[in-house]
Amino acid sequence: MTTTTVPSAFAPSARMLVLLRNALLPILLVAEVIFFTVAAPGFLSAANLANVVINSADLALLAAGVTLVVLLAGIDVSVGPMLGVVAWVGATLFVAGMPPPLVVVISVLLGGALGAINGGLVVGGRISPIITTLGTAAIFKTVLFILWDSTDVFAGPVVPALGPARAGGVPLVGLVVLAVFGVLAYVLRHRVFGRRLFAIGNDAEGARLLGVPVGRTSFAAYVLVGALVGVAALIYVGRVGVVQATAGNELTLPAIAAVVVGGTSILGGEGGVLRTLGGLAFIALLQNGVVLMGVPPLWNGVLVGAAVALAVAFDVLTRRTLDKRIGAKK
Amino acid sequence: MTTRSDVRPILSVSGLSKSFGATAAVTDVGFTLGAGERLAVLGENGAGKSTLIKIVAGVYPPDGGEMVLDGAPHRPASPGTALAGGVSVVYQEPSFFPRLSVLENLYVGREPRDRAGQVDWRRMRGRGEELFRRLDVPVELLTRRMDALSLAEQQLALIARAVDVEAKVLILDEPTSILTDAEVRRLFLIVQRLSEAGVGVLYITHRFEELEHVADRFIVLKDGRLAGDLPASEADHDRILEMMSGRPVNAAISRSPARPGRVMLETSGLTVPGAVSDVDLTVRGGEVVGLYGLVGAGRTELALTVFGVLRPSAGTMRVDGEPHTPRGPRDAMARGIAYLPEDRKTLGIFPGMDTLSNITAVKLPELLGRLGVIRRAEERELATSWIDRLRIKAPSPAFPVTGLSGGHQQKTLFARQLATEPKILILDEPTRGIDVATKTDIQQRLVEVARDGTAVLVVSSDLPELLAVSDRVYVMREGRMAAELSGDDLTEDAVLRATMGVHR
Amino acid sequence: MTTGALPRRSLRDRVSDRRVFLAVLVVALGALMSLLSPYFLEVGNLLAMTQYGAVIGLLALGQSLVILGGRGGIDLSVGSALSLSGIVMGLLAQNLGLSPWLAALVTVAFGALLGSVNGFMVARLGLPPLIVTLSTLFLYGALAQVLTHGGQLGGFGREGFAALGQSAILGVPAQVLLVLAPMFALAIWAQNRTALGRRLHQIGTSDRAAALAGIDVNKLRFRLYCASGALAALGAVVTNAWLLTARPSAGTGMELQAITIAVLGGIHIFGGRGHLSGVLLALAVVVVLSWGLQLAQVGNSVQTGILGLVLVGAALLNNLIGRRASG
Amino acid sequence: ACSTVGGPAGQSAAPDTGGGEGPKVAFVSQVEGVPYFSAFKEGAEKTAQSLGMSYTQAGPSTADATEQLRIFNSLVQQGYDAIAVSPLDPRSMNPAIAAARRKGIVVITSDADAPDSERQVFVQQASDAALGATVMDEIAKAMGGTGEYGIVSGAADTQTFNSWVAEARKRQESTYPALELVGGVRYTTDTAQALKEAQDLMTAYPDLKAIIAVPSTAVPGVAQAVQNAGKAGKVAVSGFGSPRTARTYVESGVMTSTVLWDVPNLGVLTVWAMKQLLDGKEFAAKNTVPGLKDPVEYSAATTTLVMGPPMVFTKANIAQYDY
């Protein structure tokens, strides 16, 4: 069998192009950092970067979870309200004097259980992920409202690693986030569970034909999202110090934004958590830099919206051009 | 060739039945497949072949019946358990993972692992390369994304995946419908080797000429029931045809001599980067022109360029004498060109929609009243007439197209193009998956359409078909026009020589 | 027009049709609500209730069109587009002193323009709709704030414009009778009877096949986003006539409500499947539910959760019925 | 647990249109459930009971003007005799208020006003000017009269917050010229965002000496940011938080003070005002209200009842207030 490829005399090797394709997001990030270093005083200080890390740590874990289900060609728009519920329970137990390790365990279990509700409805009830999680998001909001009962819960960090604490200027939550992303990246690439997520996200029916346990794997992914939300909830408590009626609601859209800006395909089966981390860093640094630049507050949204659109346009369009040259005709 | 009478049965089924609502797809079917035996499954479109093998593969639970696999009862709860039990399948509608690499596609669900349970990428890669080398498929393909492959390449990858599984039973559902001779022959070799190793092979095909190469025995299905079970040596085409349709069928088409008219389509120096270089071609009204070549020769791209999907980088096209520079399919259609794509799953059908609107999709502008309102009675009439004419097996025009068998989906698309009464008709693998009797019908219709003045260009990997319908044949090789054959020069041998680049 | 010899739809098909289910749900909820509150069934009240569906209904309609168009189509920017269009109308009516009627016309065109930005990026550049409309969600929302410095605008109470949002004709609120109902009627008619509707489904189920069938896929998809923007702007016009104020946060959060109504109505999230009449029924479900609960003095936050339960429960029941009926 | 279903048990479940036990009155808050409005409800409910009326309170789940209008209309529909409302958006409430008045319902505003509407009276907690000035005084005192300060406000289109901010800035310009507002007014929608804005303000302006947190959602966020940054005592925080929201931070010294009014008393006054109007009584220039210590002034020109000056809650007294 013969394939026709017409080699161009001065084309860079396909390997280089592939490399470049994957380096686009890092390049954008570097450009962003350079820009703000010049334009915004105080941006590149250790203290500021640590702040950014601390303020985005809970979001990062949510985004990691959302990545898993987006890889499955699913979605979870309930992560924000879910975080609120777990945060309330965690904070309340902690304030009531429960030993911190136990609070951590219970939060993770509770998150996992809430995730299992989503997973059960999606897998067992065969409801599409978007309907399921739109519905449970609304339910979680109400649950938190009822639990909260007009009383804010004030609580400090449950354990230092889940609060704003730093060791030698390095925020401890940053390490937690890195560890979680590292493990997830490893799982996605090197464990069968991870490979199954990709296969299902590409074609669930096809995966089923090849003996991939589609239901079980999908269910596990939603549970895992919940467990990550459980950890994120405690980070939220440690950071914000108070749980109110709408805690966490604001985090859903940014979490999804981080995933898509990172370049994980919303169609499923393509992307990964490290890309999400890049996307998150891009957005978080952008929001921070814009404030430090002294942009009038109301203009923030304009700049952030425009920058995200431009960045994605650049990323997608360049990648597409490169793909063509690599020979991935479509 | 192995003999069969003495071998132990590896798969035996009896009394299998399966209905979809009111449609009885498979009724009371039984047969036995011996270890190392190659069994062909024949039947008209919609006879229940795919349904039968899907029951064996665990996709559908049977409504009734028994299966025994290698001495043990076979009641697969899912395709996964069937696969684990040793049933490996290449389905008729290719199912793969578009955004994964070919290598990953090969090992989904059975990734090689190291002792720590990690996916062993190096071993995977090694095994993939070895597999492709063994099957004579270019190893470079392994790193490409699956959706970047041509349909035929995808099919090869899927076959590779199926044969790599250590299976007891290998099932191939029309694997050759878009492969050309060379690939087909390689596939036969693989099948033969596996059968020698004791694997039972179930092989579905509409190409009778393949029978002697791939089958020791064949069964025939008619309307879901078993209509015959014979050794391959007794394969007599007329008799098989009669078993399939229950009536005598004329397998040959009648072809009056062509009276070529004006040049309707002309390309000169046409070049599409990476696919087509410097191609000259003419098609006249009233003639059928065939286009042959190996997979990847650039035939599809040439057709897509004429149809306005691909943009040429050099060269010119003329339609009916006027320059033709389409900016998209709409322009091409406005010039009276119709194109039937080869990949019906992604380029052809509208999967969520009914058979009716799938048939009238292109014709729609002519069925509109004021304000763009569809004249529904007229539309239904049109669709029904085509359903009748091509004998599309659909319970009603409103039946979802994805509920039709593969061959009938293909007929639906065929109807879509014919309904437009084009001046230039380009068909890419038109009879893909269509049963013999209907195929003859369609071929006959093609010739008639041409004799009525239409310029017909047929891209087909089915050489006998191409020779049967074509007045002239072009052969493409690596993007270039390798030969133009007509009259007495148009022989199977000449076409194959041009294809391989062998000169007399 | 004759219907030809199409066999009647089987009972199974009818029962598993989302619309039949939703219609039953509306009636059942109505009965339940009239038990919860004696005020629910008063005729004037029933008709007046529909006014709360007008604005969100317009957004849900636009949303449904975009989702039906396929290829991951979604419009997260509808809420922000509503806010921004409302503000622009305020600037025209208050600062420029334009007639509110004229301002409304300009505003709808402006909304189409906002939609065309999405449409351009999605259809021409091929960027993912989710991310495109997420950026414009931020962008339009923020622009609305910038244009007013956070304040509010008025100037709509002139030339009888308020009647559009505040009067009733035969007991039916004008915004429903004159805006929502015609829009849905037009859309449902177009979906079922015209080539446009057919093409919408074709690009939604397979845009590559649609392109080969001669449909200008990009243009059509571009127009869907424009339509969504224009409908959002129409929502702003209604809001302004109704509340007489344009607030930069008027549409905040409405995108999720619009999506909820669309999917509850049976619009398949991957495109090409679903009926706009189902969306109308879903809108009725939401309006009946929230107004009934309001009259029963169930708190707003609790209503949110009940709506969530209905969304999930409806999908679950619908699946169950469908599965039972088909096997 | 639902705070919006008010009234004696059994009455709201099956409301009788015949009206057996005295008039039904209601209050529509800006959002439901927040401690602030819960405190309001506490005073209002008590008073309604003592005056022989049934009381209901409801509000939207987020500060959404359309939702508020819907709630208001549903109360009208249910035949309430008097309704008080704290409009999120005055203008959009006007027509609804007019319609309610036409039905013979007593309608007043409380907590926030709709000045151009047909409401019969506005019950004001304290004047915006007094509130703005008080919080500015608190901040200036903590800063020692000079330096940079920031403002973290709520949603950009909330009228009340904007006028407090405007009044505070007016006070600063006239009385504390050595103070400088940096970073503009930061608009936020929730606690977490307020936290981030405050943190970024401190990074962008390292010499920042104080932050005013305007809405009660921003109060814990800003305080937490200062605490996280380890700048308690270096960056002063004050704002308009209810004592319960601010208490942790006031007691730990992160916040110098919080400024508000006696919220339960506002509820008392509101219900009393509705009762007066239902009884067809006029307001005097100075009114003695049962349950309130000080007499309440009435301005006939603006048809406004003003409860009194704002209250400042500090470490010394904050523990006494539970709302």
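A, B, C and D are the chain letters, set down in written order, and residue numbers restart from 1 in every chain.
In the analysis below, contacts are C-beta pairs under 8 Å (C-beta built on N, C-alpha and C of every residue); 3 or more make two chains touch, one makes a residue touch a chain.
Protein identities per chain, from UniProt: A = Autoinducer 2 import system permease protein LsrC; B = Sugar ABC transporter ATP-binding protein; C = Autoinducer 2 import system permease protein LsrD.
Source: prediction; values computed, not measured.
Among the remaining chains, the Cα-based centre furthest from that of chain A is the centre of B. Of the two chain pairs examined here, C-D and A-C, the one linked by more C-beta pairs in contact is A-C.
Computed centre separation for the pair chain C/chain D is 34 angstrom, with centres defined by C-alpha atoms.
Centre-to-centre separation of chain A and chain C, using mean CA positions: 29 Å. Per-chain CA centroids place chain B at a distance of 43 Å from chain C. The multi-chain contact residues of chain C, meaning those touching 2 or more other chains, are 145, 149-150, 299, 301-302, 304. Residue positions 141, 145-146, 245, 265, 267, 298 of chain A each touch two or more of the other chains.
Looking at chain B, no residue sits in touch with two or more other chains. All chain pairs in contact, by the document's touch criterion: A-B, A-C, A-D, B-C, C-D. Taken in their complex, chain A has these residues touching chain C: 77, 121, 125-128, 130-132, 134-139, 141-143, 145-146, 245, 253, 256-257, 260-261, 265-267, 298-302, 304-306, 308-309, 312-313, 316-317, 320. Chain B makes touch with chain A in their complex at residues 57, 59, 78-81, 83-84, 89, 91, 95-100, 104, 108-111, 113, 117-119, 121, 136-138, 140-141, 144-145, 147-148, 153, 156, 182-183, 273-275, 277, 294-298, 478-479.
Looking at the complex, you find that chain D touches chain C at residues 2-5, 12, 15, 17, 32-33, 56, 58-62, 64-67, 69-71, 73-74, 77-79, 89, 91-92, 94-95, 155-157, 159, 162, 187.
The part of chain A that touches chain D in the complex is made up of residues 40-42, 45, 47-48, 51, 54-55, 141, 145-146, 148-152, 154, 164, 236, 239-242, 244-247, 249-251, 287-288, 291-292, 294, 296-298.
Across the interface of their complex, chain C is touched by residues 21, 307, 309, 328-330, 333, 339, 341, 346-353, 357, 361-362, 364-365, 368, 371-377, 380-381, 384, 395-398, 416 of chain B.
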